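Take a look at the following structure, please.
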Amino acid sequence: MSVVLHEPGAVADPEPVPSRGGILWNTIRRRPSAAVGAVVLSLVVIAAVLAPWIAPYGLHDQVGPVFGPPSWSHPLGLDDGGIDMVTLLVWGARISLVVGFAATLVSMIIGGAIGVLAGYFGGKTDSILMRITDYFLVIPDVPLMIVVAAIWGPSLFHIVIVIGILLWTSTARVIRAQVKSVRERVYVKRARSLGAGHARIVFRHVLPQVAPLLIANTVLTIAVAIFDETALSFLGLGDPSRVSLGKVIENAFQRAAISSGAWWAIVPPGALVAVVILSCSLIGGALEDALNPRLRVAHVSARTFRLRPLVGRSDSSL
Amino acid sequence: GGSHSKSGGTFRLATSSGIDSLNPYVAFNQDAYSMFEYIYPLLVQYDKDNKQFVPDFARSWTTSKDGKTWTFTTVAGAKWSDGKPLTAADAAWTINTDIKYKGGGAANAAGLIAHIRRAVAPNPTTLVVHYAAAPGNVLGQFQQFAILPKHVWSKHLGHKGADLKTFPNNAPVVGAGPFKLVEYKKNQIALFQRNDSFFGPKPQVDAFGLRIFSNDDAMVSALKAHEIDAIEAVPATAIKTLKSAGFTITQVPGVDQTDFIFNSNPKKKTHRELLNLKLKEAFAHAVDRDQIIRVVFLGTAKPADSIVPQATGWHNPQLKPESFDLGLANKMLDQLGYKRGSGGVRVANGHKMAYDVITPTSVQSTSRTFQIMQASFAKIGVQLRQKALDATTAFDEMSGPNGKYLNFDLALWDWVALIDPDFMLSVVTCAQYGGWSDSGYCDKKYDRMYSQQQLTPNQDKRRALVWKMQKYLYDRRPYVWLATQDSVDALSPKWTGLVPSPQGPFNSLSKVSLTSVHQK
Amino acid sequence: MRGADYVVKRTAFALVTIFVAVSINFVLFRLAPGSAVSNLSRVPHATQELRQALKRQFGLDKSRGRQYLIYLEQLTRGNLGVSFENEQPVSTNLKTAILNTLPMVALGTLFAIVVGTLTGVIAAWRRGTPIEGATVTTALGFYSMPTHWLGLMLVILFTGILPTGGMTNDFLINPSFWTHARDVLSHMVLPSLTLGLVLFGEYTLIVRSAMLETLGEDYILTARAKGLRPWAIIRKHALRNAMLPIVTLVALSLGYIVAGAILIETVFSWPGVGRAVYDAVLNRDYPMLQGAFLFLTISVVFFNLVADLLYYKLDPRIT
Amino acid sequence: MSAVGAPLLDVDDLVVRYPVPRGLIGLLRRRPQLAVHAVEGVTLVVEAGELVALVGESGCGKTTTAQAVLRLVDPLSGSIRFQGDDITQLGMRALRPLRRRMQIVYQDPYESLDPRLRVQATVEEPLLIHRMGGSKGERASLVSDALARAGLSPPELFLDRFPHQLSGGQRQRVAIAAALVLDPQLLVADEPVSMLDVSVRAGVLRLLEELKASGLGILMITHDLSTAARFADRIAVMYLGRIVEEGPAGEVVRNPQHPYTKALLSVVPRRDPRMRRRPQILRGETPDAVRIPSGCRFHPRCPIAIDVCTTEDPSLRRTDSTQSPHHRAACLLA
Amino acid sequence: MTALLQVEDLHVWFDLQDGGELHAVQGVSVGVERGERLGLVGESGCGKTTTVLALMGLLPPSASASGRVLLEGTDVLAGGEASMRPHRWSDVAIVFQGAMNALNPVRTIGSQIVEAIELHGEAGGKAARAQTGELLESVGIPAARASRFPHELSGGMRQRAAIAMALSCHPKVLIADEPTTALDVMVQAQILELLDSLCRDFGLALILVTHDLPVVAQLCDHGAVMYAGEIVERGLVDTLYHAPRHPYTRLLFAATPDLGHETEEIVSIPGAPPRLDQPLVGCPFRPRCDSAFEPCATSRPLLRRVADRHAAACHLNDRPSQAPG
């Protein structure tokens, strides 16, 4: 018998496939919190990128008295060097973001690589890499950052490296778990049974699948990196020649801004850090929520299903 | 004592540094030495103005002709706080112990007993000290030398004197100063009680407490909240608000000077143009001391010009800070033939005049100072880059490799001078390579002058020599001195009588400050 | 016997981790340029003799390998060495610092665990309502604030109302226990609150997502089908399962608390272990640093082990 | 180079075991290393143009057998011959050209396609992996051919779709097309339809039937005897790592020899409500593959077991009551 | 006489993330009498589970429902979740799809059963535990296993435990949602046999949800075939097999291979069910139907009575000459 087999018609209407960018975009579109985060973060990033053009004064120009109060020309007052606070915030955001992004890049590269290797190869590779990760997980990281920053000297580059080196563990774990599950997917097995090389499988099948999670993790890591930079700066281990937001806080703190009544030197930079971190967390959290199918249905909730008025259509006689 | 004022009460003082150890063989912090001043007998102390030596445990002293033997008459009938007699024998024992263990447990005190052969106490009120050579600063040294109770410390000579360092000397400490240390919590508080058996003038307060803060804001708010009565180093930014809140602010010249350091090692490998005295002079004219004082110190500092601060009384009055004159500086550099290259940066010996300036992160003021200098140096075609390092690393970098001072170019740091100029003058001697030297300066002629002043017991002659040395250094500029910070203290309106000093009211110069402080 | 293997394995791993940590710490601190001696001997009357004496005393004249062996040997005897700074046993210094830190940290953590768990559960239970939005936003807000900055904000808000610095305000000689306790407690409020608020944010978020994950499980639907009331389901079925991730994360965060304590202790002049670490770094006080790191690592490893064992207790699936 | 007349696939006495982790304490106490006896001496032949169904309970070793045949797990002993060549010991590199000739289709059509790749890319991938198919254009035509063979025509309608835009049946067809594109001789289908809705199962099964007719050898794993009976040429019934009955499909279904086969057949529900029968239900769960019972491995659950069954392990052999010479069972009492 | 459990005109919608709505159940009416066994069959995604959840009031918050669920004449859906709660388990109990996850992994089997018994005041303390033991024995699990955790039992055992739990409060209706999916053939047979005997012994009404027609044929007396959120045919299983009145029913049977019919042509129904997040025009089955004609494209057929205890939703039934079957 030779029936020609057709599966005509009735194919579900093609809908756009969520691409990697798509997931980010969709999440931002659908969740107001993520949208707020994205808008705020973009504003800060734009301001930071445009710092040289939009900063009202020079970063090193003493334009008034030490801790000059807010005025028309200096809406947020002056810092302990008589420098305009708005200028400092714009430039500070720039450095903080650079540190955040760069350190995250470092941690993504290390964490991503280790996570993929451990998850993909499993076995001994996995246990060795995970033991290393575990070790990094238990070292108290802020103290270690202090030590390393003290040893290497406080430069922006070192801070980026140190933060990056300490932050990769969570990335590695998240990625490893995801890779492990992707590795067991049938299409990966199939590719392997076809004789595909590891590189091909990793780059063509595993990484794209892990990418959305990596993005979510990246956004969250940026927040942590910025936080850590602020902490390091506060402890005097920041790069003194670069004005980051943490540095601005530290300068004000060291010069007793609070007791001299100069709240404007200390409140705005911290608030800006908080806003940036909050935005990252909102986006990252929403992405993680969106990517975690287990969060979608809660079988018990304060809200219950709704009742609609009766429609009445079919007859129910038997 | 004995005034009409209210006596008694506890005087509470805040400090931001703190006492690191109660053991004189271990302690390094200034506050620890200030504490020893108040709990241990010393042979002499400075007077109220820190100019003259006045009696403390030693009532009087004489010098032999050759200057090699000093004889002190000490207080009779003095007692340690535990009731045991305090005699010249305790002093002799302390000196001899330090000599014996100067390479080990007592190394910390070795500098103070330099040149001493031995000390003897022929009777309870006489102390005779024999020197190998006649030194010029005997009283200056003894002013820092705490006499320890033999009956306590002689039990801690084990392990070839190493036990001297491991003895914690916990509170209550057996001492014989105007106060007894009764309680001590590291990084928190030290509590002193009046010692009624003290041989000298008794404090008017019942007790005195030192509270340690790790940040200035907390300290200032504690003062405002009347949790404490005084601050010994007021942050400049807080002066205005404290004044308006009714606190008494006292501001006197201090001994902490910021300096711009040139690596002056003649054997320096690179950037040798920085050894050129004309260039150093040009650089000195590019420093805007006024702006530094205005921005960094908010006016609580004076322009500096010499390695010896004015407040010590040994400053050479003929020296004046270089004028801030960018035109002059530019002209001088032009004359030296350093042409401006791309970006307006001058070129010397085929390379851009762009230099790293090492700044220690522990000295807060250096960053702002650097920024100001960087801006003005840019105008004379010299590019400065900040290289901030923590103090240990910074010093390593400067003295490296192996204490040879070959690599670094410039640095910003500060020096806290003692009253006697000997120490400050010593830091630029060749002998201090790898030790105190932070400029790599080494000059045989200067070293000769230095030894000479050390062995000049006549104080007038010594002063002339010290002035000459200051001028000599001023011309050769291992340092360009930027500013001398004032010592600023704040006192609650309820209190009065606190005596300021270049080291602050709680100092190791004399006991006068806390013995005379009292409630209004 | 269920899980003996698990327990042995976790414990062995914990011990190995500590050993590795100890060794790496040793190496790490010796990578630093400059030594305690170059730092310590910078006093006005220091001499070359003093430098040599200090080197000998701290064993810095020996080879690194020897120093390491000596260090290990001493460690096994429970000797953490002598602090370079004040020549007192590191253990004594550490003990003081830890005893100062503990109550402050414990108070803050307790606050965070109690409030965080409660709000986390409520947020999960009120999923999709404005209450969840408000709770999550508040939590995220606190979570996002730099710890030290939050501390400083509290200082600004509470100056004059509560003490903002130090651990005691008390210059009395031998104060009564209650006076002292009240004094310390009033000083503890702000630092603990700072820590508590930061952690509260974190815990709320963790508890919420752990709860949500659990509430999505099929057995919750079963429980509901059985007719259990929502709160009974949460208490009897959801919380216990949600505890699993919570326990791990809380244990992990307990270890990091000390790190946070550095910032808080700096802001509030609290003489605790965070300050001790920080000062030790600046003073190149290796023995102290090694001791402090050992303590920190052990506490993280310990809390992790506790978490593992609790896990084992809570989750019968672990073998 | 393959031996003339040799079967397409010839598996002889295949044994596969998975070690059971001992744990730290076990290791320290030197407990014996245990193993899951997943496959314990399977002998099986698949000819070109033949569809062999491997049936049995969950965990009896069907998938393991399939994977061992494809050399995706390493057998402990036994031999696997493909077109007469022994491939049991071949290394990874030597296996590569072979992989082309034997392909596998997995159970879950929802999982077996990369959700991010379009149909075109999925089907083309095997060509890229094996660097075959020449130019881009040539590859495209090979892909279209494969899709058409898999019943997805016209192929242009499907090339640009993503898996989620396909129905379950279509996905499984794409998976089959991806297996066909390399023009294999052997297709192993591990429960190809069990995740599909009944309404589309037949389509996929008929596709396999057609492929078989075109000369492909197919080893189909299933737990559904009705499907096996309808579509397979031969049925092999597996129990606890061993084939206990094997023969032409009709024979096995109509005239089962082994009590296990009988029981299996009796529990298959019939679609006609009037055909209700009392199923012969075996008590107890599938036994533990770590501790295989002595003697006949089926004896603990066997309704007709006698004493000798506990000691003697029967081998697969022809029984008296069978009609076909190829019908064999491993039962002492058959 | 009022039916034991009667669902009338049930609709369920789910809110979708992108703001749309999915009409998962589109007017289902079905009922069971005491001791009756109803099989609910249909392809994946046709709304079987949703129907069952709705009649227990277990829908998620993102759902909204309309219609009536009458339990012995009282509408238990009208008051939402609250009105249903007292009836859960004591009147209607359910065994979920995939019992692996339906039991709390950190509590013992026994405690989960005891909990239900105590909650509904059946018994308390010792008595409840004793009753649990009996229940477990009755589903073929030794009573001693009550102290085991779910993961310590095999899949079949867990499913039995879930059934025991469902029986713990002597419900009148037992709903079993795909109780044998993911189980082995032999275990499936055991479970089906167990359900069969339990229904007989306890006089339970059973609603068996499955996509496996033969299972329904073997176990149930009534069948309801669902397609795209609605019931397209319902009646006695015997009628459904021998005289179907909807092409879908007919094709479903024809697509199921059967022992003893090895040579029979097995059909496959082309295409796939329609999307439920868009409004349906005409007969939902039309694109896949082999006997569609003009009205099917435009008008949606209603479920109509076609014979005694037999209803179907097909336009063909309006033309007596062309009855599908």
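Letters A, B, C, D and E name the chains as they come in the text, with residue numbers starting at 1 for each one.
Following the convention adopted for this analysis, a contact is a pair of C-beta atoms (placed from the backbone, for glycine too) under 8 Å apart; a residue touches a chain by one contact, two chains touch by 3 or more.
Bear in mind that the values here come from a model prediction, so they are computed numbers and not experimental data.
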Once the contact rule is applied, which chains count as partners of both chain A and chain C? B, D, E
Of B-C and C-E, whichever chain pair has more C-beta contact pairs: B-C
If you average the CA atoms of chain D and of chain E, how far apart do the two points sit, in angstrom? 32
Please report how many Å separate the Cα centroid of chain A from that of chain D, as a whole number. 46
Using mean CA coordinates as chain centres, what's the chain A-chain E distance in Å? 45
Residues in chain D with touches to at least two other chains are numbered 167, 169, 203, 206
Multi-chain touching residues of chain C, meaning two or more other chains, are 32-33, 127-128, 152, 155, 159, 217-218, 221, 223-224, 266-267, 282
Chain B residues counted as touching two or more neighbouring chains: 215, 217, 221, 224, 362, 390, 393
Which chain pairs here would you call touching? A-B, A-C, A-D, A-E, B-C, C-D, C-E, D-E
Which of the residues in chain A end up touching chain C in this complex? 33, 131, 134-135, 137-144, 146-148, 150-151, 223, 227, 230-231, 234-235, 246, 249, 253, 258, 263, 266-267, 269-270, 273-275, 277-278, 281-282, 285, 289, 292, 294-303
Interface with chain E, chain A side, in the complex: residues 6-13, 30, 297-299, 301, 303-318
What residues of chain C sit close enough to touch chain E in their complex? 127-128, 217-219, 221-229, 236-237, 240-241, 314-317
Which bits of chain A are touching chain B when the two form their complex? 60, 62, 66-67, 80-82, 150-151, 153-154, 236-237, 239-241, 253-262
Using the touch rule from the top, collect the residues of chain D that touch chain A in their complex. 70, 72, 95-96, 99-100, 103-104, 106-108, 111-116, 122, 125-126, 129-130, 151-153, 157, 161-162, 164-167, 169-170, 173, 175, 178, 203, 206-207, 210, 213
